[in-house]
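After this come two complexes, each holding chain A, first together with chain B and then together with chain C.
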Partner chain A sequence: MSKVNPDFVVKISGFTEFNAFACMNCGSCTALCPMGIDLLPRRMFRHVMLGLEDKVLENTENVFSCLLCKMCEENCPKDVPIVENIKSIRWYINREIFKLGKG
Partner chain B sequence: MSDKRRIGVYTCHCGGNISDYVDVEQVRDAVKDDEEVIISKNVMFACSDATQQEMIEDIEREKLDGLVVASCSPTLHLQTFKAVAQRANLNPYQYTQVNLREQCSWTHRSNIEKATEKGVKLVKAGIARTRLTEPLTNIRIETKPKTLVIGAGVAGLRAALALADLGLAVFIVEKESEVGGWTRKWGKMFPNNRSGNDTIKYLLDQVKQRENITLFTDTELIEKGGNVGDFSIKIRMKEGETVSLDVGAIIVATGFDSYEPFDGEYGYGLSGVVTLPQFKEMVDKSNGSLNFNGHLIKNIAYIYCVGSRQSEDGDIENPNLYCSRYCCSAAVHTASCVAEVDSDINQYHLYRDMRTYGKYETLFKNAGEKKSLFIRFDDESLPEVEESNGALIVRVNDALDGGEEIEIGVDLIVLVTGMTPRENDNLTNVLKIPVGLDGFYNEIHPKLRPVETVVDGVFIAGVSQGPKTLAESVTSSLSAVSKSAALLMKGYVDLEPFIAEVNTDKCTWCGECEKSCPYGAVEKVICDTKEVAAIIPALCKGGGVCIPDCPENAIEIKGYTDQQIKSMIDVLAKEVA
Partner chain C sequence: MAVPIKHVLGILVDNLRIRESVMPLSRRRSIGWAKGLNIPKGGKTVIYTGLMYQLMPSIIAMEKMTSKFADSWISNFYGLGRAINKVISITPFMTWTDAAEKEIFDRILRNIAKLLQVADVDFGYLYEEELYAGALVHDEGINDVFEAHTHKVYKRLKKHNIEKVITVDPHTTDMLKSVYPKIIKDYQLEVKSYLEVLAESNLHPVKRIEQDIVIHDSCVYARYEGIIDQPRQLLENAGAKIIEPLNTKKMTYCCGGPVESLFPIKARTIADNRIEQLASVGKNSVTMCPICFINLKTAAEKNDFSVKDISDYLVEAYCDH
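Right after this comes the complex of A and B.
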């Protein structure tokens, strides 16, 4: 059981605005990913939107495996700014886990 | 008939469709020497213009008084060949179509010999029936250029305007004291954000400007007599006063009831659990912020398909199996309206399948862009609603996140309720129109005859026929208008003469036929000194249910007499020599 937290999306948008609300879960991004990252970007974005912070922090490796090649973004039928979103997740992980740029 | 009949028989190749599997030459020869058969021919395509012309010439030259065409299904070409008969001055009811294609060649491709044998029998049966045919004439009814519209919602009002503009007199009967139905109660509606209330005001204003529309509110229909083109109806007003009206057609536009969730259905009954119409009213009335019980609303969960697409296997008695069509679009549109009031509100949409079909897809897209989050659940794991310490909690397995179980704390839960048929047994009984499995009024065919009912001259429009959006309701009401206007503006209707006929010598008036007739076409009359049954021609559909119920065997259907059917069975059951 995970609790939905609508404030998380706001928290993660500190560096650049996270916005994947247009996502319709078609899965094109996952299918096209040259790194074969199954959690990115679709399910990871969903965890962010639902505010499942634990799930986001558990998958640090996945988030940093991304090449930012934009294969997914180029082909996203809903024009979700995927790379910007991944950047904001990285920014948050850097702050929370690696304690970078804090204090 | 003492004179010998003169019958022409045409056996069609259908360009191979028949002749590949049935030896049509053999069929032709097998009947050519039959008694009373004057002509027996093969034709390549019986329906071609040239062949039709050939038949007409044959009928006129040989003075034929019976015609048999052995070709395809009567559904396809019965009317074609009836018209051929008519053009040759032969009574069209002395024509018989034999179905040699769908019921013989196409079904018995593996056995040409047996198929041919069956073909011969079918044609001989057709000839036997034709021998016993009599000229019949259509029943012609003069129509009254007036229409009754039942229900003054958006469908009823729009129908009235269109009928009035075609020059027909219209009576609108509305049960409630105000017109407008559900639409009157609503503000912004999809797809163009026009207010429902304004739409009704506009329509009512237009109605008032037309002299040939009479609007009765607080009034109910209590009696319907007569038949297509010439109904006599009685309405009762609030004060108990009754008025009699004569109309040619009736349009039923009685609308719907909103589904009322049962106690405890997704937490219905808890404070903060509301239906979509209730929520819509809250949004319409909101002024700068959305509040519930004095608190600002921050999180909303919508639960879709409440009261629609219910499971047949569950505990629900008489489940609504149908999709209510409008609710998905209405809910996502409402979510956009909410975002306009307060863009900080988090909205969670728990849906089974998102059916914002056609252009309404843009409403779905808009809602998504305004930070609505869509969470899909499976039929097997429905969301659960719980109240703990005065807070509402929804639990759901997010099917789009691998079935992850999530918990959402919300201030308000909106049950996206569907449409249910209007409870209106009295009206249904008075009109005698059938109700479908879903409880809505039944059309004859959903695609081919979508606004007609089995009662000629009674049409159904709008949501009384099944769930629809506002735009679809209007489309359907205009369709009912064109059907009624086409009927009434011609001035008369011709009905097929295949109706029941009572042999008054045999009839003893036991009333069995009256009980069995679903159309109310039987009445008791005095003939000489005795009570007998009489058939009201315009109401009789020739269904024939009265015939086996008659203990005296006193009823027959014209064009389908016992003698004719028996003659066909005799031929079909006989061994081929």
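Right after this comes the complex of A and C.
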């Protein structure tokens, strides 16, 4: 069972601000994703906002599979900065888990 | 067993930090394309390749290796490879490249320089002093290393008193035009893609393109930078009939390239999907990004379908050989 941690979103925002609070879960992003990743971006963003770090880390491969093509962002009715959010999660994993990028 | 993301990214980021490029290239590989073109060194305006086209043969080789070893015992040794790479560059051994592939990418750069010369654009080139702009490391979210690199690139440009750069690919264009200004204080550099520069020039075709061409927009040009009309204008002015595929302009469909280093099999599936869309409306297609070009060209090999870089069409139409 995962524990909710509201501080996690602050940790993810260490380099650029993670901002998915306007997301209303309409599913346009998931429907249009060329990669067909069911989890990205809306469910992943929900994991971040709830602070479910273990859920985020379980899906590291999906996080790095995003094409950053912005098809989802172009069609997001709430203008969520999806690509920047994905990069924030990557930044966190690179720094805290892979120990890359501190040199 | 999947590709070890941590070690693959680690090798790329170590290379950028230690050797100023995600994959170090020899001097000949970096600047060989410009031989015989009489481009002056430096100047207020320079063509900026960002080494993207020159890197493509190495990226192809790395993708082949990653696909081959993704599920084998060899992938256990990526960590060791990374440790060795910090001392001695192993990238040349990992990315053994093909001479014919190198020639394709050198030709594209020569095409672009010739087109700028025909359009009477006064430009120079930094030759061996030009640096990779860091797109891959930025995209993978290794922000600390990327930011340090942006300052190196900007310092190098300012050392040569450069005021304007003409970029040749969408990724370097986006870095220098939209990403760097958010990082570097008082950033002063005019950045334009060669397609914008040519579209604003008085280029006149010397030969007509009598073809129907299916256009594939780059995600970065179309959705990040809004460069959509310029390639169409340049092709149509020379007589080409542009065919718009199912996903086009702002709704273009990715070529799969952005994940080729980590997930080559997924990248291939995306490219196959895109080729299906393009080939359903024509026989000849045009790309304007080195990553789109190689991914789609490889995917099209099994089909009777042509993928050409836009500069190959434009040089035929606008340059008198």
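Rule of thumb we're sticking to: the second predicted complex is superposed on the first by the 101 of 103 C-alpha atoms of A that agree within 3 Å, B and C clash if a C-alpha of one lies under 4 Å from a C-alpha of the other, contacts with A are read in each partner's own complex, and residues count from 1 in each chain.
The rule is short, and it goes like this: contacts are C-beta pairs under 8 Å (C-beta built on N, C-alpha and C of every residue); 3 or more make two chains touch, one makes a residue touch a chain.
As the structure is a prediction and not an experimental result, all values here were calculated from the model.
After overlaying the two complexes on the shared chain, residue contacts for A:52 are found with chain B alone; chain C is out of touch.
With both structures placed on the common chain, the touch criterion links A:43 to chain B but leaves chain C unconnected. In the superposition on chain A, contact of A:6 is made with chain B only, not with chain C. Residue contacts after overlaying the shared chain place A:21 against chain B, while chain C stays out of touching range. For chain A, the partner with contacts to more residues, out of chain B and chain C, is C.
Within chain A, no residue touches chain B in one complex and chain C in the other.
The touching residues of chain A, when paired with chain B in their complex, are 1-4, 6, 21-25, 43, 46-47, 49-50, 52. Every residue of chain B that touches chain A in the complex is listed here, in rising order: 298-299, 346, 348, 365, 368-373, 375-376, 395, 398, 400-402, 404-409. Touching chain C in their complex are the following residues of chain A: 15-16, 34-35, 60-61, 64-71, 73-74, 86-91, 93-95, 97-98, 100-103. Residues 2, 5-6, 9-10, 13, 17, 138-145, 219, 223-224, 250-251, 253-254, 256, 258-259, 262-263, 266, 270, 273 of chain C are the ones that touch chain A when the two sit in their complex.
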